[in-house]
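By letter and in written order, the chains are A, B, C and D; residue numbering begins at 1 in each of them.
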Amino acid sequence: MPLLDLKHIHAGYNDVVIVNDVSVKVNNGDLIAIVGPNGCGKSTLIKSLLGMARLFSGKVYFNEDDITRIKPWQAVNVGLGYVPQTNNVFTNLTVNENLEMGAYCRSDKQSIKTDINDIYEQFPELAARKKNRAETLSGGERQLLAIARALMSRPRMLLLEEPLAFLSHKASMVVMNRLLEVLAAGTSMLMIEQNTKIALQNSAYAYVLNEGKCVIEGKGPELWENKLLRQRFLGLDKEEVLALED
Amino acid sequence: MTEQIIINSLVTASLYLLAATGLTLTFGLSKFPNFAYAEFVTLGAFLGLFVLRNPDGNILFALPIAFVGVGLISVLSYSLVFKNLVARSTNLIYLMISSIALGYVIRHGIAEIWGWRTQSYQQVWTIYRFGDLRITTLWILMIAAALLTGIVLHLFLTRSRLGKAIRAIANNPDLASITGINKQKIIILTWFFGAGLAGMAGVFRAAATRVVPMLGWDILLPMFAVTILGGIGNFYGLILASLILGFAENFGVVYLLRAGLSTEYRMAIAFLILIILLIFRPKGLAGGK
Amino acid sequence: MAILEVNNVVKNFGGLKVLKGATLSVNKGTIVGFVGPNGSGKTTLLKIIFSLLDSDGGSIAFNGNDITGLSSHKIYRQGLSFAFQLPRLFLRMPVLDNLIIAARQQHGEGLLRSLFARRAWSNQEEMLADKVFQTLNFLELTHLAKNNTGELSGGQRKLVEIGRALMADPEMMLLDEPAAGVNPVLGKKIYQKLRILCEQGMTFLVVEHKLDMVLDFADWVYMIDHGKIMLAGPPRDVIESPDFYTTYVGEKNNASS
Amino acid sequence: MDPLVFILDALVFVGVFMLLALSLNLEFGYTGLGNFGKVAFFMVGAYIYAIAIQFGLPFYLSLVLCALVASILGALVSLPALRLREDYLAITTIAFGEIVRIIFKAEQSIAGGVWGISIPSIFRDLNLSIRMSVVANLLLVYFVVIVVFIVLQLLTNSPYGRVLRAIREDDEAVSVLGKNVIYYKVQVFMIGSAVAGLSGGLYAQYLRFIEPNMFLPLVTFFVWIMLILGGSGNNKGALVGALLVEFISRGSRILKDYVALPVDAHNVQYIMFGVLIILIIMYRPDGLVREKPLKADWIERKITHGNS
C-alpha cells in the first residue's frame, strides 16, 4: 500500500478547475517529484489535499485513512508536514521559536528539546542563528528553517512546495542534500519543483503536469533522459519539437 | 518640579499600557481596531465602583473582579458578534462600526445600571512626600501593575507555548494554521486577557479621577495613539509608545500652561503625535515589517 | 525605433534581490515576449515599468520621456496600459461599466463636466458603448454585458480584463499572461487580435509562458532568470538556444548564483 | 407642545440629517472612504454660520461660507489621511472630530467656548408665529436637501460616479486605468464636507443656539446608522435612513415623556440602535434600499439596439 494515495483529483479555486484528474502515489520512504511549467497546477494539487484549495472531486488516502478534505490545521496531526513556497517562516520569531512552533501539536516537552538539538546537529547553519529572528536569515537559511520546522512535528511525510525556487545554485545544493539526508532517515517526500533536473535526478518516481493534466510519469532519472519530456514540458506542438531538433 | 512631572508621566504611561495592551494584541490577531475598548475600560471602572461601595471593598478586590468581569464581556462579544463577522470577511469599516455600536450598547448598559451622574470611589490614598515630590499609594500600585504586566507578558510571549502562538498567528496566520495552531482558542484567550487588563486600567483611572460612563471614551484616542505608535500587535513597541505619550502629555501640559493655552488641549497632544506619525511612519515606531 | 527602454532596473524585497539590473528595450509596432521561470522577476519588472511598484534603481523611458517613478495614471495618459495577470475587476459593477471606464479622455469623468456638460459626455458614452459592444462581441461576452462581474467565472473575468486593456487604445500595452486561464482556442484568438493591433502600429510587451504562443506571435523575446536578462533575440533563436532549455526547466548554472 | 410643531420640528431635523447621510453616502457609500469624523465638518459649518451671522453677513452668504470652509478643511484633512489604510483613516478622522470640538470648547473667544453661542433667526423681521417659523425653516432646509440630492444623483449617475464606485472596489486598478485616484478622493472629501458644513449651518440657524456638547462623536455614529440602515451606495437609501432613525429616536423620547418606564428610554434607545446596527451588518449589510447600477439611458438604448 502506498503511504499517500491521491486518486483522480480535480481541484482549483472558486469555480475554476485547474487540476484535472491527477492521480499520484507515494510509497513509504520515497521521494516523489511533480514537475511542470508555471501554472500547470502543481501547487494547486498540493494545496487541495491540505484543504487550502478547492477539491472538486477525488480521494486522498494517507496511511490507508481517508483524509479527503481535511482542514489545514489537521494535516500535522495525521503526519503530514507542509513546507510552503513563500512566507514559510515566522519572521518575527527567533529560529529557536520557529522550531518550537513546529512542535506546537506535540506535548512531550522533553523529547521536543531533544529533537531541537538533533535538528541543530543536522542543520548547523540554523544552530549558529538560534537566537536570531527569522527575518534576518538568507533565502537558503529560511528554506532550511522551514523544512526543519516542518520536521519538528515528526511527520511521516513532507509536502515540499518548490523548496529550491529563488535559491542560488549553491544554496539549492545545500537544501537538496539536507532533504536527501532527511529522506534517508525515513521521512517520505512529495516535492513539486521547477528545478526539473535536480528534482528528477533525485526522485524515485515523478509526474509531469501540463495544463492541469498529468502528461507523462515514470522513474525520475529515466524521465530526465526522455526526449518526450522536453516536448511535453515546454508545451510545444510535435512539429515544433521536431523542428527544434533538426 | 521636573521629578514630579516624570512621576506623573510614568503614571500616565502605566495607564495607557494597561488599557491598550489588549487593543494592540487583538488588533494584531483579528486585524481590526476594536473601538469598544473604551467601554471595556469604563466597565472596569464601574465594576470597581460596585466592589468599593461595599464597606469591606478594597481596590485589591476591585482589580481582579474588574479583570474577570470585563474579560468575560469581551469574550462574549467576540463569540456573539465579531467571530461571525470576521468569518464572513466583513469589510473592515463595518467591523469598526460594529465595534462602535457594541461600545454604545455597553456604555448605555452601564449608564442604565449605575446612572449618568458623576460618582467617585471615595478612597483616600496615602501620600508620600519626598521634598517637593508627592507620590500616592495608588500611583505606586499603577506603576507596579504596569511593570508586572510588562514582565509577565514578556515572559508569557517569549517563554510559553501559547504566547509564542499568539505572536505566530499575528505574524503569519496561514502558516500558523498549518503548524496545527487552533486559532479560535488563542484568539478567545487574547480577547479575555487583553480586555481584563483594560478593565484594570478602568479601575485605576476611576480611582485617580472620577467614575462616569464617558470615562473610557476620554482615553480612547491616546489608546489608539499608543497602539499605532508602537506598531499594531507589537507589545514592546506599545511599552515604548506609552512612555513617549505619557511624557509628551505631562510635559506638554506644562508648556500649554506656560503658553496660556487651555489644558483641554492635553488630548490634542496625543492626536498630534498620532497624525505626525501616521504621515511619516505609517507602520509605527518599530516600523518596516 | 525603441518605444520603451528599461535600463538597469534593480528591485529588492527585504533581503531578496528580485531584479539585479534588468535592461531591455521594445521597438515600436512589435510584440515582445517576456519569458522566464517562476519567480524570475517578470511580473515585478512589468509592475515597476507601470509604477505599481517602486524600483530600487535604474530608469525607464517611454517614447523618449523618462517615466521612472511617475504615477501610474500619468503613465497611462502617455499611452501605456497594463493588464493584470489575475483580473482586478470592479466586482459589484456590470461588465459594461468595467469596460467603458477604461476608455481614455472621457468628458464625464471630470467633476464639473459631469454636471454641466451632460450632452457632451452622453454623446461620447454612446460612442464608447458601441466600442464596448464590439469588444464584447469579439470576446463572446455580449450576453453578459449587464451582469455584475462578480457573477462571472474565472475565465470570463480574465477576458473582461483583456477587454478593458483593449478599450484604452494605447500606444503600447503591458500584458501579464493574457491567455492564462482561458481556453486555448480563445487564447490563440486573443493573440491574433493583438497581432492585428500590432500591424496597426500598437506595441506589446507580454509576459507569457506558453512557448507556442511566443513562437507564433512574438517578434522578439527576452528571457529573464534570477533577475537578469539572460537571453534576447528572435523567438526561434532564443528557444533553440541550449541555455534556454536548461534555464527554463530550472537546471541552474553557476553563473546565475 | 403643539403636535404639528412637534412633527414639523422633527422633519427639520430629518432634513439636516439627510444632508449628513447624503454626504457620508458620497464618501463611504460610493467611494468607500470611511469618514468617522463627520461631526467635525458639521460642527465647523454650524460655528462658521454663527460667526458669519454675527459679523453681519447675509444668511445665504453665511451658508455658502459654511460649505466653503468645511470643504477646505475636508481637503486639508484628506490630503495626509487618504494615503492611509482605512482603519488608520477611521482613527484619524475620529480624532480630528474630537480635536475640533476641543478647540471650540477651549477657545471662548471664538464662539463662547463651553457656554455656547446664540444666533439671531433670519426670519426674525417677519414676525412669524412659532408654527410658521418652523415651516419657514422646513422650506429652507428641504430646498437645500432637494438641491443637494439632485446634484448628487447627477454626479453619482455619471461617468464621474462610475469612477467613484470603481475606486471603492479597487483603487489600484483604477489608477492603472489612468485616473488620478487621490484627486478623486480629495474631491469627494471636499464635496462631502461641504454638504456636511451646509447641514451644520442650517442646524445652527434653526436652533439659534449651539454649544460644543451638541457635537459629540455620537452624531457621526447616528449618521452611520442612517446610512447603513437605509442602504449605502444609494442616495435614496440615505434619505430613508435619516427619516427612520430620527423618527425612531423621537418616538422613544415621546415614550419617555408620556409613559412611565422602569428603564431610562434614552439608554434603551442607544442600546437598541447599537444592537440594530450590529444585526443589520450581520444579516442585511446592503440596508433597506439596495444599491442600483449606474443609471445610463444612453447605454440602455445601445443594449436593446445591440441585441436586436
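Heads up, the rule we're going with is that a residue touches a chain if its C-beta (ideal position, glycine included) is under 8 Å from a C-beta of that chain, and two chains touch if they have at least 3 such contacts.
Everything quoted here is computed from the prediction, not taken from an experiment.
*Asks:* Tell me, please, which chain's centre (mean of its C-alpha atoms) is farthest from the centre of subunit B?
*Replies:* The most remote chain is C.
*Asks:* Between subunit C and subunit D, tell me the centre distance in angstrom, where each centre is the average of that chain's C-alpha atoms.
*Replies:* Distance between chain centres: 42 Å.
*Asks:* Which integer distance in Å separates the CA centroid of subunit B from that of subunit C?
*Replies:* 48
*Asks:* Using mean CA coordinates as chain centres, what's the gap between subunit A and subunit D in Å?
*Replies:* So the centroids are 55 Å from each other.
*Asks:* Measuring from the mean C-alpha position of subunit B to the mean C-alpha position of subunit D, what distance in angstrom results?
*Replies:* Centre separation, subunit B to subunit D: 31 Å.
*Asks:* On subunit C, where are the residues touching two or more other chains?
*Replies:* Touching at least two other chains: none.
*Asks:* Mind pulling the residue numbers of subunit B that touch at least two other chains?
*Replies:* Correct list: empty.
*Asks:* Classify the chain contact graph as line, ring, star, complete or other.
*Replies:* Shape = ring; chains linked end to end, path closes on itself.
*Asks:* Go through the chains and record each pair that touches.
*Replies:* A-B, A-C, B-D, C-D
*Asks:* For subunit B, which residues count as touching subunit A in their complex?
*Replies:* On the subunit B side, the touching residues are 158, 161, 164-165, 167-168, 170-172, 174-183, 289.
*Asks:* For the complex, which residues does subunit A have touching subunit B?
*Replies:* The touching residues are 50, 52, 72-77, 82, 84, 87-93, 97, 100-102, 104-105, 149, 153.
*Asks:* Can you list the residues on subunit C that touch subunit D in the complex?
*Replies:* 50, 52, 71-73, 76-77, 81-82, 84, 88-94, 96-97, 100-102, 104, 106-111, 114-115, 118, 121-122, 125-126, 129-130, 133, 142, 145-146, 148, 164, 168
*Asks:* Within the complex, which stretch of subunit D touches subunit C?
*Replies:* Interface residues on subunit D, with respect to subunit C: 151, 154-155, 158-163, 165-166, 169-170, 172-181, 187, 191, 291, 293-294, 296, 298-299, 301-303, 306-307.
*Asks:* In the complex formed with subunit A, which residues of subunit C make contact?
*Replies:* 14-16, 37-39, 153-155, 177, 180-181, 209-212, 215, 226, 239-240, 245-246, 248-254, 256-257
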